[in-house]
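Note sheet for the following structure.
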Amino acid sequence: MEGLLPQLEVVRKDFPILTRTTPDGSPLVYLDSANTSQKPQCVIDAMVDHLERHNANVARAMHLLGAEATEAFEGGRDKVAAFLGAPSRDEVVLTKNASEALNLLANTLAWPGVHQVGAGDVVVTTEMEHHSNIVPWQLLTQRTGAELQWFGITDDGLLDLSRIDELLTERTKVVTLTWVSNMLGTVNPVAEIPRRAHEVGALVFVDASQAAPQLPIDLAAMPVEERPDALVFTGHKTVGPTGIGVLWARADLLEALPPFLGGGEMIETVRMERSTYASAPYKFEAGTPPIVEAVGLGAALEYLSDLGMESVERHERTITAYALEGLQSVPGLRVLGPTDAAGRGGAIAFELDGVHPHDIAQVLDSRGVAVRAGHHCARPAHERFGVQSSTRMSSYLYTTPAEIDALVEGLEYTRSYFTLG
Amino acid sequence: MEGLLPQLEVVRKDFPILTRTTPDGSPLVYLDSANTSQKPQCVIDAMVDHLERHNANVARAMHLLGAEATEAFEGGRDKVAAFLGAPSRDEVVLTKNASEALNLLANTLAWPGVHQVGAGDVVVTTEMEHHSNIVPWQLLTQRTGAELQWFGITDDGLLDLSRIDELLTERTKVVTLTWVSNMLGTVNPVAEIPRRAHEVGALVFVDASQAAPQLPIDLAAMPVEERPDALVFTGHKTVGPTGIGVLWARADLLEALPPFLGGGEMIETVRMERSTYASAPYKFEAGTPPIVEAVGLGAALEYLSDLGMESVERHERTITAYALEGLQSVPGLRVLGPTDAAGRGGAIAFELDGVHPHDIAQVLDSRGVAVRAGHHCARPAHERFGVQSSTRMSSYLYTTPAEIDALVEGLEYTRSYFTLG
Amino acid sequence: MSSELDSLYQEIILDHYKNPHHQGLRDPFEAEVHHVNPTCGDEITLRVHLVDGAEGPVVQDVSYDSVGCSISQASTSVMTDLVIGKPLDEALSVHEEFLTLMQGKGKVEPDEDVLEDGIAFAGVAKFPARIKCALLAWMAWKDATTQTLEARDG
Amino acid sequence: MSSELDSLYQEIILDHYKNPHHQGLRDPFEAEVHHVNPTCGDEITLRVHLVDGAEGPVVQDVSYDSVGCSISQASTSVMTDLVIGKPLDEALSVHEEFLTLMQGKGKVEPDEDVLEDGIAFAGVAKFPARIKCALLAWMAWKDATTQTLEARDG
């Protein structure tokens, strides 16, 4: 099949878990990568090597291991900066996950500072966000008396831009949106919205949790007016470990925001009466940071770059196109979201007439096929389509066409088991 | 030597890093465990096994790997609960580190709720806290108009309780203190202070970051009036990985606090207009939690329990006594903090006449001896003793008397190199 | 493969799923609750109607409206069969018994005299992710019942 | 072991450490700054006095009060030797040269004509944790100088 990663079978060998089988011996067909990705051996090995040979606390330790650990940790930051094409490495804040990164932004905007959000101000999100890009803004607006508004979704699963002039006004202080939807697969216009939002003076934040694993990102190459002011992603979806996420934000925004969490590492001088703070990124990294996780994430992003993000993207598109075709051949199956692979990410949510998503996932699981059932932390988008939950398959760079075939066969079997059985 | 861990040499073999040598071949003498502890092989292996065989996202995944990962993750929580003797496992919130746990408490108290802190209220901390138990409370009090007060330190390095009646009044809403000082080694009266603070209706929070690695903790066994309302510690100091910390808090406090970070996992139902939240501990765990880290921490705490925390404590006391003796034999050396090992933790900060701590640490490092130099994130305690920084050695369960000898010899050499050289 | 599945999807479960008993929201009732399974979004609105019997309260009616998977729908139906018409004490002990079965990791032998059709859920206990589905309605019933009793006493 | 240490603690460094030049805070000055190394708490208060020369500003005086380790104290002393009395342009290029040396991971060959005693810090570049110590005073001087120039222009 044209467009797959070259040497896909060799690439798969990098992922030890892919050789696992279910208790009755079926091979594992992991189609839940939008939830979390599997880890290549090189990531695991980098973490083990760190823990077995270089473990120490960072920044504050002056000894051999401390220097090695600091170099390894800051090296992770450098690799994140390179992966994003960040204008500066000091713009990369390491958090615990994407959710914390989004909360960091929402939380610091509640307190005095040039960007403080208050009564009368508007924060704009979208109906297709992950809960992690909705709830922080609900908390912010409820707590400050500001107003939360949102872009809707068209029947085709695209962002509904028809009300853009109402949403983006001089009252709008923040616009936050996902680059790629984790439910509908929609790829949003992340050049146009920043440009329009910047015209009214709003800050623009992009949730790249689903984009970073799938698409090449080059912040420095974006025209300034189209570049978001901040962008987040999460380590565990980019073949890295849990426990680490990334906030990139332009240097002067980081400088202008008040502190988020207080404590060790984020300070300059502490007196009991008051403290002064370190400069970014350290100002936002209170306490011992995710050290071994930064080592793992660095190895992960290097692995992706070695494969080439263009190749990963092409692979995803190819598998997604094949999956859309296969899924739509199943009677009674309806895909939620765009049905053309060209402008879409690799998460495909669908309904199957007469069978509840839990039951679909259960039957598939009994055949070794792992998919997700539920609202995928995107309940408002489900409500928009009048469904309470859905089944979602999501591929990644290690997914083969044969695995898609196994899914489609499994769905045929599910139908027969439930609706005809 | 009486009191050391039985089979210390065998125990040391569990820690692969202890076989490391410096570039010129000296064995590693790691005396920086209060900064971060080394990891036994079983912790590393548990993490590798998870990543290679059971990795998936938790809670929301219904498939085989999802069920395994969820069981592994929640199993980590069970082990934390058992380690602390927590009355209930649902009182254990997993954070990214101890600092986040303290900030979670400080941050949620800023927002409406029965425990909200406002103008006129008093928050009490101590002068011997780690910055992570000072700065969050400075931010809270500055932002809400409340007042920050603190217990001082006596000349002997003990908590100065002489002003306790002034500090604990009906205005006092929160008292937060460290169980064991990371600089002075002081063990604080964590039964008396909660009892007194509860009498005036204050909440009591205990920072057990240095206590959890060293002392047996049994929350359920504490008389209710002496039991803190919340207690925190950090994974990487208890032979676990970075990227995970623990907040234990009594169930009704967790129920009463408003949410901290918003996002996936912490919700019940999300509508664009407003959301409802899950019950504790999930309400405070927004986003993908530290999964592989919980697996590692679980293995770490089991490792400590298998050794027996009473034995670990006895070992620490024994080594600390030996170290205090050895250090005080060095001319011009002054120990900051209590000099009797009986009521003291294993961190020993000291000054050496005429040599700056950086230079001491550097010379020791050239001999393979790793100690920490600086203010150890406890600048106010340093200021109290009129010093700007200090050198700190800190032992742990794998420390041998011979390593203390190497330190003392290194200090003699440092003196000769600098002051006489 | 199918045998594992069949141990979960017992005939009884599929029957209740296709033809649920006591469906719909009815009057009168003393308490109405709304419960959600946050993992998947399954929801139930449930009402409880207690009356006074000779030896304490009796569960006169339990009515509901719900969306969910086969396990949660069947479990709701079976639950109503088991508690409606029973003295509250007895209904609560059936609830206990069902809880024990669900938390038994598939190692508890169900008592057919007490649980009747509920024994079909023994297989569910082996699927940790599905236990919450099976318990959704039972938890809602317990909650509504507690609220009713508190309102009476308070 | 000692040879590694000796490459860090050059004789010149220890001399400056024991007998630092230009110590103390003096008048007049146009800008005073306070810099801290947050890792260890080392601190410096530093003043800059610029005067106008025929071809632009000249560094008339740099005075300071500081607490710190041998590396940071010696580096402060050497820095004052190198910049005091120099035309600002030239002083700034010495600053650049020193920065390059420190960030060179021990691979940059220092130019003795420019850096004089500063070449003794070549060994420091191999100790990442100590680079901040060696740069503390240089960064403070740069900051104070920038402030002075901004105040003049603004």
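In this document, chain identifiers A, B, C and D correspond to the written order of the chains, with residue numbering beginning at 1 in each.
In this section, contacts are C-beta pairs under 8 Å (C-beta built on N, C-alpha and C of every residue); 3 or more make two chains touch, one makes a residue touch a chain.
Just so it is clear, the structure is predicted and the values come from calculations on it, not from any experiment.
**Q** Hey, which pair has more contacts between C-betas, B-C or B-D?
**A** Between the chain pairs B-C and B-D, B-D carries more contacts.
**Q** Where centres are the averaged C-alpha coordinates, which chain has the largest centre distance to chain B?
**A** Of all chains, C has its centre farthest from that of chain B.
**Q** Compute the distance, rounded to whole Å, between the mean C-alpha positions of chain B and chain C.
**A** 44
**Q** How many angstrom lie between the CA centroids of chain A and chain C, rounded to a whole number?
**A** 38
**Q** Roughly how many whole angstrom separate the Cα centroids of chain A and chain B?
**A** The mean C-alpha positions of chain A and chain B differ by 31 Å.
**Q** What residues in chain A touch two or more of the other chains?
**A** 60-62, 66, 267, 269, 358, 362, 373-374, 379
**Q** What residues in chain C touch two or more of the other chains?
**A** 39-41, 43, 127, 130
**Q** In the complex formed with chain C, which residues of chain A make contact?
**A** 24, 26, 356-359, 362-363, 366-367, 373-375, 379, 382, 388-389, 417-418
**Q** Which residues of chain A touch chain B once you look at their complex with the stated criterion?
**A** Residue positions touching the partner: 16-17, 20, 22-23, 28, 30, 32, 35-36, 38-39, 43-44, 47-48, 51-57, 60-66, 96-100, 102-103, 106-107, 111, 127, 130-136, 138-139, 142-143, 148, 150, 234, 236, 241-245, 259, 261-267, 269-272, 274-275, 286-293, 358, 361-362, 364-365, 368-374, 376-377, 379-380, 383.
**Q** Which of the residues in chain D end up touching chain A in this complex?
**A** Within the complex, chain D touches chain A at residues 36, 38-41, 127-130.
**Q** Under the definition above, what is the set of chain D residues touching chain B in their complex?
**A** Chain D reaches chain B through residues 1-2, 4-5, 8-9, 14, 39-43, 67-72, 127, 130, 133.
**Q** Chain D touches which residues of chain A in the complex?
**A** It comes out as residues 59-62, 66-67, 70-71, 267-269, 278, 282.
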